[in-house]
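Chain lettering (A, B and C) follows the sequence in which the chains are written, and residue indices restart at 1 in each chain.
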Amino acid sequence: MVATNRIEVKKTYKLFINGAFPRSESGRVFEVLSKKGEFIANPCLASRKDLRDSVTAARAAQHGWAKATAYNRGQILYRIAEMLEGRAEQCAAEISATTAITPLKAQSMVSEAIDRWVWYAGWSDKLSAVTGATNPVAGPYYNFTIPEPLGVVVVTASDSFIDFIDAIAAAVVSGNSVIALVDGGLSVPAMTFAEVLATSDLPAGVINILTGSLDELAPWAASHMDVDGFDISAISKKKRTELKVAGAENLKRIYSADGKLTPSRILAFMEQKTVWHTIGV
Amino acid sequence: MSFYGLIDGSEKSLRNFLDQLSGVDQVGAESRAAMLATRSIKTTSKRWAIDTAISMVDLTTLEGADTPGKVKALCNKAVRPDPTDSTVPSVGAICVYNDMVSIARTHLDSIGGEKVPVAAVSTAFPSGRASMDVKIRDTQDAIDAGAAEIDMVIDRGAFLSGNLGLVFDEIVKIREVCGEKAHLKVIFETGELVTYDNVRKASYLAMLAGADFIKTSTGKVAPAATPPVVLVMLEAVRDFYSLTGRRIGVKPAGGIRTTKDAIKQLVLVNETAGPEWLTPELFRIGASALLNDLLMQRMKMDDGYYASPNYVTID
Amino acid sequence: MTFEYAPALESRAIVTIKPKYGHFINGAFVSGKKHFPTINPATEEILSHLSLGSASDIDKAVAAAQKAYTKTWSKLSGKERGKYLYRIARILQERAREFAVLETLDNGKPIRETRDIDIPLVAAHFFYHAGWADKLDYAGLGQSPQPYGVAGQIIPWNFPLLMLAWKVAPALATGNTVVLKPAETTSLTALLFAEVCQQAELPDGVVNIVTGDGSTGATLVNHPGVHKIAFTGSTEVGKKIARAIAATDKKATLELGGKGANIVFDDAPVDEAVEGIVNGIFFNQGHVCCAGSRLILQESIAEEIIEKLKVRMAKIRVGDPLDKNTDLGAINSREQLTKIQELAAVGDAEGAQRWSPQCNLSEKGYWFAPTIFTGVTQAHRIAQEEIFGPVLSVITFRTPQEGIDKANNTPFGLSAGIWSEKGSRTLWASQQLRAGVIWANTFNKFDPTSPFGGYKESGWGREGGKHGLAAYLKNGKESGAK
């Protein structure tokens, strides 16, 4: 038996960019305290340069991720659920430590989050069946419409671990690469979740997680010309206008969820491509 | 023979040549032909087109029931399509079976139609199912009887079974038989070749083998000279000209019955191969009923009211 | 002697153009305070004077649309709404020739295109959407998806009536009412469409048409009574709209600019590819957002294709749009002509080689000969900017991937063409291209059943097909996720 007075080895919280765990290039951190005011961790306060690096990593990873078979993507998402199951206790402990959520409730939240990954995993190879179409055009053409991933999507999360999971999973399942911006106490379980991702066969750069301040990072994400989609669900209503205006510069697809679990959230970050081909001998 | 320096005459070199031809997209070819069919040809251009079309008609009778009387009557019509109007040009040629060639030739010469050539259908027309010897004899026979144009059929069975060398060799041999005496038109029977890719291949095969004209059909199989088929053949002669400097003629035959049909063909020629092909030396229309419709339309343009079949002769 | 085609003019006797038009608000024509002339771009003849929509005109139109939505249209069953749309489709077919002639006079596009493409597609669009009106539960948007209310729709001058159909038909089928602002230079067919609405006895206020310029459109976009914006036009204006509605809950569909790549591989069906290139860039004078304005040629066949293209271009008949044999009509406006001329001059200045066939262009009216620029690279402005005219930039590539990379190297993503006889290569290319509409061995084909719309800066949303309905409906109740 290990002695009970052993000094615990505590985790250094870093960012998750391109499959690695770097510190913020800015060298900044912020303090996360428990509800009672006890120190919990010093997550990185990501900077706009960290965001820029994440976008570069996400862009590089996106093509390969989209090209992977839907079956393969589905299995990797399912693997995330498997891995999260193994870290469920830790995540739940971090959630309850950083919020007012009771340990019991936190455990059921993580269980729900695991189930969400399973739900999203199953969508990967059904999206085109559900939202694609073959179109009976009036002429000798084969014509079909299929959904395709958008590209690089930035998502936001601030309070709820489940919202954090939903935002990432909805964007990533179709073949987008994702940068998740997380603030506050959620940063602690979010970085534990990053460790789940690191062991889930997920290619580097497909999901990147930046902890810090949404207020600081969101405008940079909105104006970044190599970001194709932006999920602003965690941004307060009055701050959304500014982001939408900035996002208009490259006509980003900007979306905010209404709290329902729906494939619409997946489709919000997909394009519909229509292909015509002549039919003849 | 040099085959224009493009191939050496072996089946392998022929195949290599044909394999590098680009494919034809059916929908694209048909929509181009359909678009050109919307051209609206009116007034002076219509009048010009009608006379040009008349001069391009290979006035044809290819019936088991053909008789000397029928053929002579057709010759009269060929020389003077409208007996009441001497400004109507004579047709491009008379087209008959072998045994009618000398009758036609003699009669044409006797009525001042020396310039109207006689074309004979040859090589076991229309099926082409005979031995090479018979095909050669068939052709020689027609030339001996006075045919200045030979409309031979290709062996479609050989073509479809991939025996392109055989098809090629037959044309080469018939070309030799024709020599300087007769123009050679090669009939593909496009309704049996079916695909535009085949039509393009057959066009090049025939041109390389020495055809003077490439011709769509026998008139015995439908579909025959559809506008997209003619379009593909006109593209072939146009491109062959840029390869070799030689202009090969095109003859649609079968299914062209109205002035409208004929004018569509002329538009195809004009906008595909180009105006250089708008001459009976390079474009013919194999037809029988067409001529009367052209004459009726001509009367309408002259008289300003619609004509009746009662005023055109039925030969 | 050569085969010259004598003039074959479509008669304009079939159309009656009034000297002055008002707006169409609440089922009636009401004159605006100020008017502006609308001209025939082929002759510069003034065709009529249109009302310049003011803020109060927009107010009235939105109020009429709101009232019609609340009082009649939203209370009507889908089945009955559909029947109105069927009526409209049928009347459009009956009056097709009249619309075709009027469109040609007002826009400058050839009668062959208005007669054979624009107007038949307009009728087809209404007929297609009519059938959706009572089947929206099956559109994949959940049970009882709901309309937004009043749709503000702003359309361009390149396909005036067709763009009206793309906007109005789905809006009405899904139960929205409409305030439509046609393009400043091409409003006449929209105003004739108002008569069709009257003949169809469409309830007053369901369709309202306010003519005017950009300021009229901006007023409509910003009007608080409008719940949904549908815009087709330039990317620049599209971005303005996106900013203008950022602070609101308004939904928008945007069909914007493009710089479509037409990729010809070395195994292409060459003659059809040449036709497709011509159709891709010279259809509708190149005034097409999805035009194939960049020809991306595999180097091994570039010479052959360009040679054939030049021969083919010499056959393009440029001239009187009312002549049934005209292939390329007039540029829609002086302003657009100047823009095309300026960008072509940039092409010259950047060292690309310009070529046009011999054309006798009329002194009167706005004309630009079909033009290609060879020796163009990605760095040329004419390879990047939308010219929106009959000007093609030719770029070459060596390997399939390089061709795709060049095609995708643009902020736009509306359309692309692929020419190849190899099925697997075509499907590969269709996957790689970042564009909303891919035409393989064809180009510039449209159909009401086929969703249309862009990736990237070419816009938001789709028009046509099942996917186009989503633009006009709030999702209904979904059957439980678990």
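Here is the rule we use: a contact is a pair of C-beta atoms (placed from the backbone, for glycine too) under 8 Å apart; a residue touches a chain by one contact, two chains touch by 3 or more.
Here the structure is a predicted model, which is why all the values come from computation and not from measurement.
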What chain sits nearest the middle when you go by CA atom centres? C
Which chain's mean C-alpha position is the greatest distance from chain C's? B
Between which chains do we find the greatest number of C-beta pairs in contact? A-C
Dist(centroid_CA(chain B), centroid_CA(chain C)) in Å evaluates to 44
Which integer distance in Å separates the CA centroid of chain A from that of chain B? 70
Roughly how far is chain A from chain C, going centre to centre by Cα mean, in whole Å? 37
What residues in chain C touch two or more of the other chains? 441-442
Residues of chain A that touch two or more other chains sit at 139, 141, 278
If you look at chain B, which of its residues touch at least two other chains? 25, 27-28
Considering only the defined contacts, which chain B positions touch chain C in the complex? 22-25, 27-29, 31-32, 38-46, 48-49, 52, 232, 235, 266-267, 270-271, 275, 278
Under the definition above, what is the set of chain B residues touching chain A in their complex? 25-28, 30, 194-195
Any idea which chain C residues touch chain B in the complex? 1-8, 112, 116, 267-273, 275-276, 315, 324-325, 421, 441-442
Complex contacts: residues of chain A adjacent to chain C: 119, 130-131, 133, 135-139, 141, 143, 145, 228, 240-242, 244-245, 247-251, 253, 260-262, 264, 271-278
Residues on chain C engaged by chain A in the complex (per definition of touch): 124, 140, 235, 238-239, 242-243, 246-247, 254, 256, 411, 426, 430, 435-442, 445, 447, 449-453, 455-457, 459-460, 462, 465-467, 475, 478, 481-482
